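Next, two complexes with chain A in common: one pairs it with chain B, the other with chain C.
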Partner chain A sequence: MANTNQALRKSPLEGRLGGGAGVTITPADPMSRMSLRVKDKDVKTVGKALGLALPTKPKTSVVSSGKDAQVSALWIGPDEWLVLSGVDADLSGALGKIKPVHSAVDISQRNTAVLLEGPKALDLLQAGCPQNLNDDVFPIGACSRTIFGKAEVVIWRTDAQSYHIECWRSFSDYVFKFMVQAAKGL
Partner chain B sequence: MSGLYRISGKGRLTPAKTVAFTFDGKSYEGLEGDTLASALLANGVVLTARSFKYHRPRGTMTEGSEEPNSLIGVRRDTARQQPNVRATMQEIYDGFNAVSQNRWPSLAFDIGAVNSILSPLFVAGFYYKTFMWPRVAWEKIYEPNIRAAAGLGLSPTEQDPDHYANKFAYADVVIIGGGPAGISAALTAAKQGVSVIICDENAEFGGALLYETDVQIDGKSGYDWTQDALAQLGAMDNVTILPRTTAFGYYAQNMIGLCERITDHIAVPEADSPRERLWQIRAKKVIIAQGAIERHLVFANNDRPGIMMASAARSYLNKYGVAVGSKIGVYTACDSAYAAAFDLKEAGVDIPIIVDSRSDVDPALLERARELGLNVQTGHSVIDTTGKLRISGIKVAKNGQTANTKYDVDALLISGGWTPSLHLYSQSRAKPSWDGDVKRFLPENPVQDQVSVGACNGTNDLTELLSEAQDAALNAAKSIGVKKLKKVSAPKEVVTSYGHEGDHIGSSHGAGADDQVKAFVDFQHDVVANDIRLAVREGMRSIEHVKRFTTTGMATDQGKTSNLHGLAIAADGLGKEIPQVGLTTFRSPFTPVSFGTIVNHGAGDLFDPVRRTPMHNWAVEQGAVFEDVGQWKRGWYFPQAGEDMHASVNRECKTVRESAGVFDASTLGKIEVVGPDAAKFLDIIYTNAWSTLKVGRCRYGIMTHEDGFIFDDGVVGRLAEDRFHVTTTTGGAANVLNHMEDYLQTEFPELDVWLTSISEQWGVIGVQGPKARDIIAPLVEDIDLSTENMPHMSVREGRICGVPTRLFRMSFTGEMGYEINVPADYAESVLEAVWAEAQKHNACAYGTEAMHVLRAEKGYIIVGQETDGSITPHDAGLSWAVSKKKTDFVGIRGLMRDDLVAEGRKQLVGLKTKDPKVVLEEGAQIVADPNQPIPMKMLGHVTSSYWSENCGHSIALAIVEGGRSKMGETLYVPMIDRTIEVEVVDTVFVDKDGGRLNG
Partner chain C sequence: MLYIRCPYCEEYRPELEFRHAGEAHIERPSNLAEISADDMEKFLFIRENKRGIIFERWRHIHGCGRYFNCVRDTVTDQIIMTYKSGEPKPSDEEIEKAILALKEEQTS
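Up next is the complex of A and B:
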């Protein structure tokens, strides 16, 4: 029997909106996410398969520049990257045929993301994140796995006043509420 | 009129900007910019408080955060009631309402003042000695009464409606204190391009320049100079100026805690504004410019309302235009008090006498006093005061003599010199060094990257102070890495008319060891000089002991005005030098910080993350009652109309075994283990073997720590040769991943395997029961569900409802069952489809309670319930899950220890109560003979116990010494009201041969 029960997708922060003077808080659209683990010697090969050069410097990210769907790789640890792309991208597929041993795990729906934008975006982040996010140590493109309040997050600075914050889906309610609260009286 | 004591033309407040406020229910008028203290003084209200112990009348003594007396309650509304606010720091606004504390029925007539009459009883150490005996009286009589009398102020009774904010910040230079030193340092540092945060606890920056009207810097008044400097600072992007912000703590690695008060001074704060903000700043360099605190003098009855620090009186005059009295005496050992007397005299206030305990006084000061027609008595002391609710007179005697002259006064300005404020320096763990010449401690040996400048560094001369601050800022910029320092010119001409020379510490003439007088050292804790002497006589040798015995310096003001006096009196009593007695260590906070600020965002909803599964809404719709499991909300049971918990759980358990049940298992921890060495790694982590597990199959695994005790368990499926899907307990998810990473990174780094948490990637729908397959079959697209193709303990990847699934056939109920893993965003939708099918088969939704009962019926353990960190797999009856072939796994050696292989260990068994209706209590102890004398020999305890609707009797699991050899024996569970007889049975109560699993 043909399946009439095609499941519908529902993002954890669907429909939420927040912000205040100087900052907007918006749930990001669904996207493809992959936790990628590669050994030092294979970084180049694996990066090539994804169409970019995997960043090897802590707290940095690389965004692919090709015609294909844009892929971003965020340095998370010495052998760990968070690879992000559009919702339809087949990230694991891109690595399906490569030789080097690696671990590619789909975490598209483990995480969700919140986008912060505006002149007060940094102030908002600093309400909950104890890491130094000032320009000199956290320029555009910088990223870091850190904490926001009591939740683990990955903070990725996508522009001068724009941040992409990844967190596990069950923490997103807490993170979003924290941001809405912190936006008051910045 | 904003008060009879307001002198027109004095101060910087605007006479037209009046505000109405109330104190103890009486209405007054003040001016915008007034503190409660200045506004009350302007209205001639000098009595503001009753002292803590003796309930003596007290008034404002200072003009700053060091205020020991004027602690008041601020009442904004019924919920916002803040006790113990210093009147000297609280700005008033229109409608401001405050009350006095520690008095009944009123400030002027206070019953508690009887303590003062009984004061010979209440000497230091009184409580320690008196209430020791009889012992039994402590709990019943002494403690309740002391508690009722203890404490200062009333806590608010309603929940705090305000919210509080937090900010983490990083700065090159943090400057604590916005007086001339701080401002000068900030200007210099900011011009070098480094980032600067400067804070001051007061509303206005400027420090002493706000009231030292004799100061001229390059032709400008001191006040104008600060305003110019602030304007310059304000225009720079790299500078953050924080007024009303107290640096309350100095922590490791140059972390400074600030409390910024945002709305307490505003009549109608913006609705969204936080009340206070906590700043947690890491600074490359800290410049402490905390200034100095004026000391009082220790003489008989030195605490009457109207007695205050000379600098405070000068400040009230020059900042607020308030004369603190109409006939003001001065008693000093320091030059700076003269400036206060001169300013007041010039403002038209009567100054009948200046008493200077020093014989040798700067002739210039005496000359100026003569010019103003002031009577100065040098080499004299005030030996007593008179007055009840306000000082009315002083007795002045020549030093060393008792013959005295009385002067009528309604205020007395006192000054014992200036104590450099070492609070933050000391908090940073640095030790002060003693400057014997000026009788003060100085911050000479910083242990963190910091420097003290200005009065807190003992530098009182303004010219010197400004250049010291500049140098410190330049050095700071240099040490931070500024290559080319910009030249900053020092002020060319700094004029000051009065200095700060002269000091006195310890008791004054007339308050010696032989004088039976109340000469207060610590006003807030009512400690007099003789209390400290008594402590020394009682054998206290160290200042730390003296402090605790007398409680001097232990009040909320941390002895800001009193510490040096207390130390000097103790040293005198001990016959030692002051540095030998030692200074106590200052602790954070510098001044009290509200709980709200410390908690900041972490209140209410944000106290802790609440984690909900992607199918949470479905459970809500099914009427679930939720329970907290760690941070998770899990469906506990799903009552239908009229059902209580028992009825609901009984129905759920029965339905699962008769038809099927649907369960949200999303919270289980899940880890994807990937790499060519994945199986090898799992062989090490689990007690059982994984290399032998075929692709597409699952196995139940147990993890122990090195000690051999069970740590976690779960089912692991092999998706590919190099890919496993590991499940853990809900509570163990993070620990298991950490444990695995720990071993991978430190013990087996050579293995090619990686671990990724996928707990939240997948929503997990459990379908358990004989109808499970029928329920899911219509939805699963490309997996053959037949037992032949997909037997118990197998896993397949395929699609369900059009989305990918990792479908596990496994069971935690003893029934045939599936766990459908689907990407989390689709979980709710897939579940709705499953639920629609389930309802066709009269299946139910079941929660964690039914899950617990169902698994107990099968004797399946729950880690943390059957195990307590001392149970091995063998104890738990799981020897089959411990590989005998493997040569290594975590815990292999632990399991070989003598104790762990010994006979008679506690083992998991089942218990059946003789009366089938009786349900044992979990945690109840088990004995062999209930008639043995107490304490009885405990054999073990009940770990799980439920009513089993499926069995028709209660069931229990227990760990019992040598339990497996006691099958069929009768044991006893003694309870408070009865003893319950139980039979030791097998742990499996339902479907002993496991046939239902394979249905």
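Up next is the complex of A and C:
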């Protein structure tokens, strides 16, 4: 990898905390993020370079098994994935040498995330999201780009009562305040 | 709120995730430089805007991002069926069948 200046990754929500009875609202630590577009025929090759099989079923996600550099790929559209990993991961580097034409845009700084946890996490989400997120259609591991209040978000259910909410950095203040407000009404 | 079936996500999703994108099945003339001003006007601006069953494009903009086509009744605002871009326009028979299926669904 060429020597480049590394931007310092700071969460726009640094230091904030929220929640109430039954749910905590926490800004996620900085991560590496990539918006990935790949044609059908190249999905296998590109996935392999990232160390996983890119999910091809709507609303599903895959987490790589390697424990030192865990990579997650979230299905966003028929040819689009959101790839997440630790802050030091070199995602575009991993794709640097493969042949298939693809688009890999580093969005580590564009997005940030909020983590919701607790028995009321789903209720809080449904205060702002019109999509059905119940167990039968949104099990653990499910993910979807959707709307939260007026902001576009990606909701990823990481555990029974845990959700990872990706949103654009500039919307994060709105999203966080919306959540804090909604938690008061639970 | 309407619930619209996205043919790419393969499920019904709330209207707020979608954006309307005009009439469907409008073919771009391959000889654009040669057509008359009148034909150009027709291609760009003249739309059916019919009362009843229409074909239109929608985009799942806050979802999978895809454009798809939709058959909607402008009298009842009921969405009769949706299908992927590039798929042929459904025939009258297919639309009739879809309407019947919807009715059955509602009464059962």
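Here is the rule we use: the second predicted complex is superposed on the first by the 175 of 186 C-alpha atoms of A that agree within 3 Å, B and C clash if a C-alpha of one lies under 4 Å from a C-alpha of the other, contacts with A are read in each partner's own complex, and residues count from 1 in each chain.
Assume a residue touches a chain if its C-beta (ideal position, glycine included) is under 8 Å from a C-beta of that chain, and two chains touch if they have at least 3 such contacts.
Because the structure is predicted, anything quoted here is derived from the model rather than measured.
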Touched partner set for A:Pro78, first chain B, second chain C, both or neither: second
Touching partner for A:Gly15 - first (chain B), second (chain C), both, neither: neither
Which superposed partner A:Ala182 touches (first chain B, second chain C, both, neither): first
Chain B versus chain C as contact partner of A:Arg145, first or second or both or neither: second
Which of chain B and chain C A:Pro130 touches, first, second, both or neither: both
Of chain B and chain C, the chain that contacts the larger number of chain A residues: B
First (chain B), second (chain C), both or neither touched by A:Pro58: second
Where chain A meets both chain C and chain B, residue numbers: 130-131
In the complex with chain B, residue positions of chain A that touch it: 1, 3, 5-12, 20, 30, 35, 37, 39, 79, 101-111, 123, 126-132, 134, 149-151, 168-171, 173-174, 177-178, 181-182, 184-185
In the complex, chain A residues that touch chain C: 58-59, 76-78, 80, 130-131, 137, 144-147, 152
Residue ranges of chain C in contact with chain A within the complex: 1, 8-11, 13-14, 16-17, 62-66
Complex contact set, residues of chain B against chain A: 163, 165-170, 195, 262, 270, 272-274, 280, 282, 601-602, 605-606, 608-614, 631-632, 672, 674-676, 752-754, 756-761, 778-779, 781, 800-803, 822-826, 828-830, 833
